[in-house]
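Order of writing sets the labels: A, B, C and D. Residues in every chain begin at 1.
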Amino acid sequence: MKNAVQAIMPEKLFSRERVAEGTLVRAGGVTIGGREIVVMAGPCAVEDREQLLGAAQAVKNAGAAVLRGGAFKPRTSPYSFQGLGEEGLKMLAEVRDITGLPVITEVMDPRQVVLVADYADILQIGTRNMQNYTLLREVAGAGKPVLLKRGQSATIEEWLLAAEYILAAGNSQVILCERGIRGFDPILRNTLDLASVAVVKQMTHLPVIVDPSHAVGKWHYVPAMARAAVAAGADGLLIEVHPCPERALCDGQQSLTPEHFALLMGQLQHVARAVGRTLSL
Amino acid sequence: MKNAVQAIMPEKLFSRERVAEGTLVRAGGVTIGGREIVVMAGPCAVEDREQLLGAAQAVKNAGAAVLRGGAFKPRTSPYSFQGLGEEGLKMLAEVRDITGLPVITEVMDPRQVVLVADYADILQIGTRNMQNYTLLREVAGAGKPVLLKRGQSATIEEWLLAAEYILAAGNSQVILCERGIRGFDPILRNTLDLASVAVVKQMTHLPVIVDPSHAVGKWHYVPAMARAAVAAGADGLLIEVHPCPERALCDGQQSLTPEHFALLMGQLQHVARAVGRTLSL
Amino acid sequence: MKNAVQAIMPEKLFSRERVAEGTLVRAGGVTIGGREIVVMAGPCAVEDREQLLGAAQAVKNAGAAVLRGGAFKPRTSPYSFQGLGEEGLKMLAEVRDITGLPVITEVMDPRQVVLVADYADILQIGTRNMQNYTLLREVAGAGKPVLLKRGQSATIEEWLLAAEYILAAGNSQVILCERGIRGFDPILRNTLDLASVAVVKQMTHLPVIVDPSHAVGKWHYVPAMARAAVAAGADGLLIEVHPCPERALCDGQQSLTPEHFALLMGQLQHVARAVGRTLSL
Amino acid sequence: MKNAVQAIMPEKLFSRERVAEGTLVRAGGVTIGGREIVVMAGPCAVEDREQLLGAAQAVKNAGAAVLRGGAFKPRTSPYSFQGLGEEGLKMLAEVRDITGLPVITEVMDPRQVVLVADYADILQIGTRNMQNYTLLREVAGAGKPVLLKRGQSATIEEWLLAAEYILAAGNSQVILCERGIRGFDPILRNTLDLASVAVVKQMTHLPVIVDPSHAVGKWHYVPAMARAAVAAGADGLLIEVHPCPERALCDGQQSLTPEHFALLMGQLQHVARAVGRTLSL
């Protein structure tokens, strides 16, 4: 039986040489993986219509191309706020209609993939679910692009093989997202492994973006890491922005205010140009 | 809303003081968490009836109390052998009927929990799914004990809070399983964190067992770590045994032969007695 | 030049096959690496004559074979207590004369190796200096056994190659000491990697002991890890004992009281016998 | 005694608020910590006069401001090339006279600090010696700036406290150098922790540079990480360049050719400007 298994093992679908020019992922009019740096921004969790719309308009005005916001939230404690669920999805869709920003949101339950895909433009697989193969196979069939976050202790090979589950199930629209790995320093939430961006760009044709907010866990360090990510070759960023971080139900301490985000976008435009990329504000 | 969430947060259900004498988990006539060390053994994956029955009879003869074997296998690559599925579950049930050994097997898909619970005596949540909260909630409702492996980079607090998801959903029959954390040494597959056993025994009333096979990844080091786990206070062990490791479809290099396993059980009996526990061969 | 370097590279001196029966290290009448488990115990730092003598008599009465105590202390902060220096060495020697216990103490400065070797029976290289090659070469020439602690993030190969520096300089009396590696869990000071004991016993003929006190950093977890170390095959232990831990100038929270130490020694004797070793109380 | 120790503990000398505008380190006409990004480049080890002079002229032509090169090499194996010693120091001094580039080189032995300081403009403390407090105190007194590499598993606090040893001994001319921490991915030599640059810039007034070559261990990934380091706010870079990497006695696989280095310097100039810094070519 082992021989049979080996016999059907193809060359990996993620391999660089498969799509030499690089895969372009398209969602709601936005292209990820091209010359343009794509910034996805918004609150960690959808809390209410006002918060979401405020955040969306702010990040759009500052130049973000995609709105992020969690309706189903994976939380370490069962007693933490778990997200608004379908109500949150509806708010995301409404705010998309108002602002024109396509929406990325996380899905955790294979039975909710169809529901979430109904509202979202990009389906996010969180770090805790990177090797939830049941979920990976399910999102592959939903007809929407998938953003696959790196597991907290995943090797680069394991991360690419998780992407392979989606590719092998027939969905070529996969975006990788480096978001920090487990580290030992108590000051930072995780260790942002920017070298993984350089490695992955060499090994695969898939676009790679970086989430500096979850990596460092403190808003103060987010701008430096966002700039570094673009300089390292990332195709985009996923950044938490909240109209009022100190009142956030989730991860407020790592969220930028709209003002700091706008400032950062100006800096990112300079860095993007310095490395031959563009970022339209 | 935040205040409302905090208001309903109870004292943690896993806390030691909740069940001072320690929780006893009962499955198919076996009690985990008492004075007796419980050894669960068998092949990584169910491959065929003959392999499974051979392994089951061998581990039973050597003193194992529970049969392990995977029907649904979480594999890093989508092209690796993924398990026999329901066919494997049927074999496990048949071999249980023949040998009298209760069966532990992994479930990965929340939609298959009812199916797996139909055949298994203990439901296993693998390391990759420790924070798959959808799955944790689902297994909690299946009416069977749950073995929760520690995530590869989970802190002890995250691990206990994952158990809390199951407890909070109404299932008090949870067994924790230390199986190694991500480390930097290329010789070993993972770093077996035996101090976590001592910490967890102090923090919770739940039983804790150790899987030395996945931790070290090489059969040669399994006996030393199994002995150390019992000396550290573990309530049991999960050990891979294969009638013919070199022909295994999965993790053969970390599987003991029946002969080595029988030898180990004799050693474990001595160590169990040395720390005031028992192990019936 | 590269070829010349390769040409003189011998088979490694630490390799198992060089001394099939295992190296015996002898210090002050004590043999490390034989059937007898050797427990080295005492305070983290020598603080004064009374503290040291009290600790020494207590650990001797409980069955310890070697007295540990730091005169030169490597401290993370330059403002922490740095040890009594030569005054501390003199106290160690005096207490050895009174109790008959040979003494192990750390040396940090290559220029003090002769001085420390004048007083000590075993020279300790601390975790921070595992790859301080200048110091390794110097201790090799002092005519005393050397205990080499594993660096906090050293691979097993790097650790053995550090030992090779001492062996290659002509000193075959080297004891390895696993003392925990850097980990991510905030509850424990380090991650005790007991599997390294099993690996190292297979790869080298040198004796290996374990320091559970520095590994876990909290006295409460020391006994479980000490028992596990013996069960895993360690040839001895290095344990911090202080007559009055809450008044210790250094690492009090990880020191056992004499009472807890005596209790532990009784437990260790049982575990030692269970794995075919001895421990004389 | 404890109280006495605490009484003399000053506010930390490394603290940001001590030197609000940031410390400027000056060596051989070069200023580190100002607006100008300082690139230190050269071979891992000094091998011979021709190699060193070729590398020095190449990196100078490309815009490097300081020449790096090891005369005393800390090597994992005692059988690896250990450096040319004083002969190498003389070559460094001669090449400095020819090219005008100040020289940075590592010192490992406290007894050689005076010797190395005689030839070098900046004394380097390697990652293995970050907590070699004997050496730290000795270099503090040599009257030359010190570059302190982060230990492979040092927390940021431990790193700053190691710097404190030098500051407290009276030498304020300290440069910190992030060079990657131990990680679990087998593709990369270490994990470059660029967020540490942002954290350290906030916590201390000392300049911080980055060594991408040792961090990634493969030349191919060095340029992306060098660009990212500048974007993250580093004050300079330490980069390995070898006239002929495939013939290098040490770390050839992570060395850039002069051509790749010149290309990189052009890119760095753009990134430096994008973040409001300068880099003169």
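Keep in mind that, in the parts below, a residue touches a chain if its C-beta (ideal position, glycine included) is under 8 Å from a C-beta of that chain, and two chains touch if they have at least 3 such contacts.
Just so we're clear, the structure is a prediction, and the values are computed from it rather than from any experiment.
Path length between subunit B and subunit D in the chain contact graph, taken as the least number of steps between touching chains: 1.
Across the two interfaces under comparison, B-C and C-D, the one joined by more C-beta contacts turns out to be B-C. For the pair subunit A and subunit C, the distance between mean C-alpha positions equals 48 Å. Rounded to a whole number, the gap between the C-alpha centres of subunit B and subunit C is 34 angstrom. The geometric centre of subunit C is 33 Å away from that of subunit D, both derived from CA atoms.
Residue positions of subunit D touching 2 or more other chains, listed in rising order: 153, 157, 181-184, 186. Chain contact topology: the protein chains form a complete graph, every chain touching every other one.
Here subunit D touches subunit C in the complex through residues 1-2, 5, 8-10, 47, 74-81, 108-111, 128-129, 131-135, 152-153, 157-158, 161, 164-165, 168-169, 181-182, 249, going by the rule given at the top.
Across the interface of their complex, subunit A is touched by residues 153, 155-157, 181, 183-188, 191-199, 201-202, 215-216, 220-221, 224-225, 227-233, 267, 270-271, 273-275 of subunit D. By the touch rule above, subunit C contacts subunit A in their complex via residues 182-184, 186.
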